[in-house]
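Contents: one structure, followed by commentary.
The letters A, B, C and D name the chains in turn, as written, and every chain counts its residues from 1.
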């Protein structure tokens, strides 16, 4: 691996941009050279703390000649253009999910992205979570024989603000998209999607024509069945579990607690404090690891992160789920 | 409660008949007076051990005037006629699931069964399992607020013999039917069924045109979503879990181990011996409790077990699932 | 095994006598022929429910010729005389622990008890608890290599009434005695005892000159170290754990819950209801199994229960602990 | 808190020195200016990686005027002199445990250490482990009422090399000393010590006149009983558990696994991979946190770490345990 630090421009200084800023600052192999955000104050807040220059326009970053790579944490509608600009500038890019909410725009960019000489990586950080990663490695090693069923339970602590939800593309494109990618981490070739949406607790979400809860069944090309169970809330914190069931056994990842401490009293025994309420806390390790692999990929010339096509596949699955939830019919898909 | 023992005739001396014989023998409030089976030797085996007269023809039992109730453990095709005969004879009846594999025959009997002066109970024993029963009681008590999602994982240790499977009516009518009833234990009014079947491990089952694995999504009338995950095998033993997820919390029943003993060594830590391999062992308590409540129901004049209509509903769900798995479309149903 | 039912006389109709009555009634191989108690009403209550004749004087039972065995559940001071009388009458005896609170009386009876032609068994029921039994079997099978350390945590839900405690012989002879026997179940040859008593919560117990809490260290002849941790109360129910630590691994028995149900909400996750509050509930299985083995021992001519010498050894350990707690010195003992 | 970085000299570049070097490098509030070790190559290895000057003689570090604080990771016999030199130089000091193996040398330094104008902190890192820290906070907050019993199970994965053990001062001064400090974290005023040592698996350790296993009972001034269970090996990895038992409940910390993944197959269910084998891996967080608090203490002028007197107390307990294990008598102590 090269000793030279990878110079990174961070495009977007919002909540997720700040997460990446922390990962970048903590990574000894990279240097934060630029932060771009139209809200220049947000960009400055980050550069004040972690170094680099704050600019309003990402074009300045690409023109500077002082970045080897960019991390795209801008609003979703800008993703396609920024990826494209990065490729044009010969700069590696790690783009937050989703590529876009419109599959047509994604397809337009596809050939260019796949033909790029630089790394084009998608930010599905959960693939790097220690739990899911370990299960994947052990399934791949054959520890449970043939993978037959995959069950993903994925519930957020509470819904995002209504403003955010209004432009999120709906539960399947916004929340389930992570689970679609997780499903494909284990079973890349998904051929069928069925989805049920439900409105059980949020009038706000209902008024947006969106669902607050959902269950999705996917079928892999080898007849594997994947179940995804979603809710936009969970009173006990972030609920993120996964079970891989195979011919010779099963591997189960339960939720992560900060400590192993259990309480015993006259009300409850073996009880723990509720799980983490925030995705950054829950997935801190996986965000850092995602960046680490992005940098390692740049230095070794290999793609170690999910690819553009992984981002495209997740969106195709989300679109199919959206359609299925409306029609009550399974949707056949072809990801190739 | 009356002090007089309830005299019971057991119709069917096969595997499940033997289970009921044990429950009858262990119950101090009942007396086994008859066992009927065309294979008279099977009937005799039971009467030799637990008392009562062995006969080949159930008609003799009804004619004897020496039974207050019958437990129907005969082959499924005989269930409708035996329930009917019991009603005619003024005898209480606890019939093993399913009522029949043909919904038309079930509908024909419906009015008579619901108008019967005697107890007509269906043998969905799992409702009496300590785990599921406790969750049901706590959900009903409001401990988790509004019930929003129900997840049932239900895997058999290994498939039944091919001969049995050939006449079983298929996975949805034979295995999932228990889970359909469990779903209705929590959410009686199911309005929509979607099912996916898969063939991932058994050529035998495939050759029968049946599935070895399945995932079902049900929708309740209040938009609750129910997920059922089935497999005909599980290397680690009987896999029977249930999770009720509500607005204020969740209740989860994991698998039952005979002891709490955990092993720690250089290969594994916190490991337990595999779960029970046999449904009788796993559900021993619930079979006994089912009979107990049947007898209590007779003595108090109340129906404490699942009813004929519960049996009918489970079959309607199984039929809908069978259809859905073929067509790839959700099936709307009306259980009333 | 003989088909003839073993006729049992129950001596003592108090709390523990009632427990044995239930075990006797549930055991198909025995018949309750007599219940003796100076409080004849207590005896009658049992015979009304389970059969047999109620008498005030145990001598009647021995003289009747209608008992093959007796279960001694009378107050401790009567144990020695009743065991002796049973031996004289040629009747098998299962005696509740302890044999006596005075080791001199135990030693006096020893030769006679060990020379008896009938079974003389001691009621250390915990040896038959499924958890401890499984660990013992697996340790014996060599699953954890050489046994090096044994840890017993044994806490009662709450102290017995002061009246009872006043004549109990103190915490070591009354509560820890079970743990001493459990220690010897794994490591029969104990050679050294050190005990610490403490008064942390009960003025009542302190006023009796007794301890409400204790920690005991035993040493086996192969330098194994045993730790026993006791308390007379535990807010969360009966706390009964055991850990066997060996050269190749460890086996741990945690507490028993009636179901596997766990609750998740905004206060706690993975929490269960408190453990059982009552020893009869916690040890129901082990009491039944104890009687079963006693009967099997009678029928096969083998001693399958703890013996008179096991009862003697536990008392020697309790005496040594009592002395050690006073002097602050380890006490060497010789159990042979 | 001051913005100025705290300049640190690391004294000792061995295994534990390297741990501290990593913590120092990762802490944004400190700067590594010196590393001293007679084996200058070891020192250079660290400065090459993390910066600072490598020297052979710690005197150079104190004379440089370029350190605000030192971390003492040198061999135990040098600790007293280095603490003393640091105080003389007006430099803050964080010293690895133990202060010394000879209590006389510790007492000699005591007045000077306690009168120092700079921070004198002892490296009992386990106080900062997330598990033990959380339990301590919750006990202090009164969550379990009055603390009555404390149980510490502390087993190493495998013995240190014989050379190391030969100069370690014995199991109580080398291994148990951590547990003595942990006991005092919860119950500072210990008044009595009883210890049992045993030799069950290592001839090497026996030949040194040392024990490979030990059990210790401590008594607090309020009659709290503390149990410490030690072994120099554990096949399943680092075994570090703690249970605080109080009048209103108990808090239990079980072992830490890197992930939540459990395996289910035909051999075991609910099993996890063995625990970590190495103390640096197990206690990585606590070492980093220890340094963090040391620096925060320097910047705020408060002592946030265990003090010199905590180091002294642990050694007094270790000495008492060593004596008790030989004599078989409890040893009364006075820590004031």
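The rule is simple: contacts are C-beta pairs under 8 Å (C-beta built on N, C-alpha and C of every residue); 3 or more make two chains touch, one makes a residue touch a chain.
If you're wondering where the values come from, they're calculated on a predicted model, not measured in any experiment.
Matching residue numbers shows that A-B is the pair in A-D, A-B or A-C whose interface repeats C-D, with more than half of the contact pairs in common.
With centres defined by CA atoms alone, the chain at the far end from subunit B is D. Chain centres here are Cα averages; for subunit B and subunit D they lie 58 Å apart. Each chain gets a centre from the mean of its Cα atoms; for subunit A and subunit B, those two points are 42 Å apart. Looking at subunit A, residues 235-236, 248-250, 255, 262-266 sit in touch with two or more other chains. By the touch rule above, subunit B contacts subunit C in their complex via residues 130-131, 134-135, 138, 143-144, 248-256, 258-266. Within the complex formed with subunit C, the subunit A residues making contact are 235-237, 255, 257, 262-275. By the touch criterion stated above, subunit D contacts subunit C in their complex at residues 145-146, 148-149, 151, 153, 155, 192, 194, 196, 198-201, 213-215, 217, 219, 222-225, 227, 229, 231, 233-236, 245, 247-250, 328-330.
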